[in-house]
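What follows is a single structure, written as structure tokens, with notes after it.
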Amino acid sequence: MNKFKGVIPPVVTPLTSAGELDKNSFKRSIDRMIEAGVNGLFILGSSGEVAFSTDARREEILRAAKEIVGDRVPLLAGCIDTETLRVIEHAKVAEKLGYDAIVATAPFYALGGITEIERHFRKIHEATSLPIFAYDIPVCVHVKLPGDLLIRLGKDGVIAGVKDSSGDDVAFRFLVDDNKEAGHPLALFTGQEVVVDGAYMAGADGSVPGLANVDPVSYVNQWQAYQAGDWESVRTTQNHLSALMRITSVVQEVSGFGAGVGAFKTALKLLGVYDSNMMPEPVAALEGENVERIRNVLVKTGVLSD
Amino acid sequence: MNKFKGVIPPVVTPLTSAGELDKNSFKRSIDRMIEAGVNGLFILGSSGEVAFSTDARREEILRAAKEIVGDRVPLLAGCIDTETLRVIEHAKVAEKLGYDAIVATAPFYALGGITEIERHFRKIHEATSLPIFAYDIPVCVHVKLPGDLLIRLGKDGVIAGVKDSSGDDVAFRFLVDDNKEAGHPLALFTGQEVVVDGAYMAGADGSVPGLANVDPVSYVNQWQAYQAGDWESVRTTQNHLSALMRITSVVQEVSGFGAGVGAFKTALKLLGVYDSNMMPEPVAALEGENVERIRNVLVKTGVLSD
Amino acid sequence: MNKFKGVIPPVVTPLTSAGELDKNSFKRSIDRMIEAGVNGLFILGSSGEVAFSTDARREEILRAAKEIVGDRVPLLAGCIDTETLRVIEHAKVAEKLGYDAIVATAPFYALGGITEIERHFRKIHEATSLPIFAYDIPVCVHVKLPGDLLIRLGKDGVIAGVKDSSGDDVAFRFLVDDNKEAGHPLALFTGQEVVVDGAYMAGADGSVPGLANVDPVSYVNQWQAYQAGDWESVRTTQNHLSALMRITSVVQEVSGFGAGVGAFKTALKLLGVYDSNMMPEPVAALEGENVERIRNVLVKTGVLSD
Amino acid sequence: MNKFKGVIPPVVTPLTSAGELDKNSFKRSIDRMIEAGVNGLFILGSSGEVAFSTDARREEILRAAKEIVGDRVPLLAGCIDTETLRVIEHAKVAEKLGYDAIVATAPFYALGGITEIERHFRKIHEATSLPIFAYDIPVCVHVKLPGDLLIRLGKDGVIAGVKDSSGDDVAFRFLVDDNKEAGHPLALFTGQEVVVDGAYMAGADGSVPGLANVDPVSYVNQWQAYQAGDWESVRTTQNHLSALMRITSVVQEVSGFGAGVGAFKTALKLLGVYDSNMMPEPVAALEGENVERIRNVLVKTGVLSD
């Protein structure tokens, strides 16, 4: 389990203005995060535009990331799709490309219950030799993974960890405690960006913050302060990162993925890491005043010089 | 628009006990519906297990249905996926296989707004020559398609019709009225099973009831009574169909797709149309007492002799 | 049970511009509905601003309505409050004032389950001799009353009927069927305005449409057509009423109670029934363009002459 | 604003087995909390069963608490009701009884928007001289108070603080930051019990944890550690309190208020503070195995000796 801990950013996917994968920007951004000291990379997460990418594009992104990263850090592949057999297809690709783990959500679109969710993860585990991270993201799949299910799947060796993007910090703390009591079968990562300090206080094994695409150094520093027990530094670093996260909330007239990932891409373009802030269909790239609002936050937080 | 009206069942997909497409059962069921007089067939809808089928399986199902149906009735293909580019891929397959229309939902999984939904349908329309039906199914995609958006897309020739599975009969009636005032650009179908009579009173152009897989004759009779203005017959037929729909609510300890489509498959097996009531992963087939409960409803409603 | 059937409007409460109960307008409106032939009146429903009225105001409204109505039609009193003991207090007032029945929702604000809802209705029944109508309004109390609970309470003599404002027409039809099978213990009213025809097709015992404050004659005509089996008239009357209901959806920049009841009050003022369209705090009365939009609908539907 | 900071428990209301206010238990519990060093007390919060209490009972509780407390700590009164005029009535009672502040939620039951919420708080402020705390509790009132609204009301002197029970720790941190930037017009309290450490890291001015009824000393210790910058102690104390909070989640077959406040009352009875764990109608008191489960947690966490 030691392989998976620390800061593992969900890698945002840069596009050219023609909507193709921009490999140069991708390499610059990935190298920048590895040089900052991240402990792994999560390719094709929600913010990696997995839902917007065709199967061919998904494979292209996974392949490019692996080529760029090599064996420098562990690589997790998002295998996110509606139901079991479709997820297994994606898992086979990740396996073929040499990924270290896969990340899967509960089934979505069709209606089901906990029984189906449990069977879903067990069937995926039967079909792949890779470690599986359960991705708890009710805002996208409209169900919260129950803590007792996760612990049971962990103890049975079905899943190796959890990426918790539920926003339910109470449930996360209970999960951390239950995991400890069960002998720590799961590596538990928070998907928070703004209250990672709280997750570390709760005992998280790491974080998967989308904002680490923009400021990887600060998240790495925060992780190291946590490891050293320097809570005041954990907290003040969080204050900086929370202020920086405002790049997503200053955006006007756009919401959801378009505002969140749109702001990350725009910031990365302003920082010279990306060549374009192009978004996948049907989402428009941020422009005009929204870009200026993001620039102001970057300047105010010292991430961009005036 | 005349091509699309009346009863267009969303065709349930029979599987062998090994989980493969059961072409024999598929043919028996489709032929039975066409012989009953349905006005079209909708392949790969939610109840056609589109979300559970890999792309290869989806194409296999679409191809098999087209081979069975030929040109006997219009064929609609469900092109249901998370975002625009993935939907367009499915639309290309439907086009290649000779389908008459495609059916697409709002984007799902990633968070967005009305702007993205509108652009989604416009981009799909640019990419295919087939008529597009907007599938309004908030229980799966977690957003309701607004009536004014649908009318605007209809007047602009982007969509040809709507399958309304929102359960919001007030919005449906307003949509019917607005469509009439706009010159009837849209063919408006209700996805209801239990209150189709109400949708006909509101002025629907047809219905897409999953239960028509089980009892196609009654839905066809109801449609014809509606066309003849015989409301009393519309109503008494609905009473029969509502009683029959209890096959889905007598099921215990299973909910959602497993109970609904599970009951349809089990009824079709009991009626000798399907060889198996096998369900796609991660859903278990109904068995034991649940099968008996379904049998009782079939007998009580006269659909199965004792 | 015969006492409760047909059209029982939830009576909107007119206020003076000072925010007091406007008894003259109240009398004009109530007399107008009784003269139109309504079968009962429901005072202090959601649209009767029960939630906005202090206990003293509630009693004033109930008393005034009883004085105006006398014994001309049965009177139902909304006893709507967060939990059991508070509801029972309101029931005692209704009893004292000579009301014929009370209407109560599931508990709200505090979180509970079905066990608590059942006990709530049973405790209210123990505390009052008046017949109880269960008010199913999930949009306000955030829980749907299950059909099997309602039937059980009906068979046990705890409740005498249901006002269904759930918008779930499938559940309503199943409830009508189950009630028939149970020997019709419950009088079942739809709270719909726009699809009352569908509810009548399903076999409703009556309707409780807020819009009947504006056009009581049409709802009475529709009820009588339903009793006579004249479905075409049921339907065409509904078409008129659905068009009239647009007074609530043409309103801009206001939503919820302010748009819905605000439109009813504004229409009644335009029709000369109310002296003011004043709303209770913290809701502003509709004004300016919104009034003109409502006037246009009234003229277009022939309710107001140009 | 200094008057309101630190640990201000929402006081649970003990009942006799006959369902009356148990003043002896109330005094024991309140004195125990004051002796533990709490910085204030919040009477008639959600866990103080405000929603279950008639107006007479509410006044009895407020009066009894004031008599017990005197001027030892500041007292906040929950003035929680559906709409403005009803809330103002409760505020007048709190004023008369000498309370130091009132706590009010957004309007509930009737549907509205942000405009009505803002007007609601402004009208309450016009009607009372007491400081107002906005109670952000979407799980009960089904709307989240937006941060910009709260800051605006704070800067205008309409509200003096916020009790945040939204569970949205990201929004809470942004609120803390915005409040700091605005000159700290608001006293910001978290309603969390399990992740209070995270709220302190974010910069909260205090906490309002229901669990402090059971273990006031630990919450006071945690607050003092926070004031001293001793984060490790903040964290380990939280670990103890999170483990103790399991008294609410070990309860089976009961949920919501019955499980949460039911567990608090049962623990206080087991600790000898309360004479009874009686609950208000329509909620049943916990009994049998549920009591044993709670006892086990108390023993395991060292709050009760074996």
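Lettered A, B, C and D in written order, each chain numbered from 1.
Rule of thumb we're sticking to: a contact is a pair of C-beta atoms (placed from the backbone, for glycine too) under 8 Å apart; a residue touches a chain by one contact, two chains touch by 3 or more.
All values reported here derive from a predicted model rather than from experimental measurement.
K.L.:
Between A-D and A-B, flag the pair that has more C-beta pairs in contact.
P.N.:
Greater number of contacting C-beta pairs: A-B.
K.L.:
Chain C-chain D contact: same residues or different, taking over half shared as same?
P.N.:
Interface between chain C and chain D is built from largely the same residues.
K.L.:
Cα centroid separation between chain A and chain B, in whole Å?
P.N.:
36
K.L.:
At least two other chains touched by the same residue of chain A: list those residues.
P.N.:
Not one residue of chain A touches more than one other chain, so the list is empty.
K.L.:
Can you work out from the touch definition every pair of chains that touches here?
P.N.:
Final set of chain pairs in contact is A-B, A-D, B-C, C-D.
K.L.:
Can you name the residues of chain B that touch chain C in the complex?
P.N.:
167-170, 173-174, 177, 192-195, 197-199, 201-202, 229, 231-232, 234-235, 238-239, 242-243, 246, 249
K.L.:
Looking at the complex, which residues from chain A come into contact with chain B?
P.N.:
Residues of chain A touching chain B: 46, 49, 51-55, 57, 80, 82-86, 89, 107-113, 115-117, 119-120, 123, 139-142, 254-258, 280-284.
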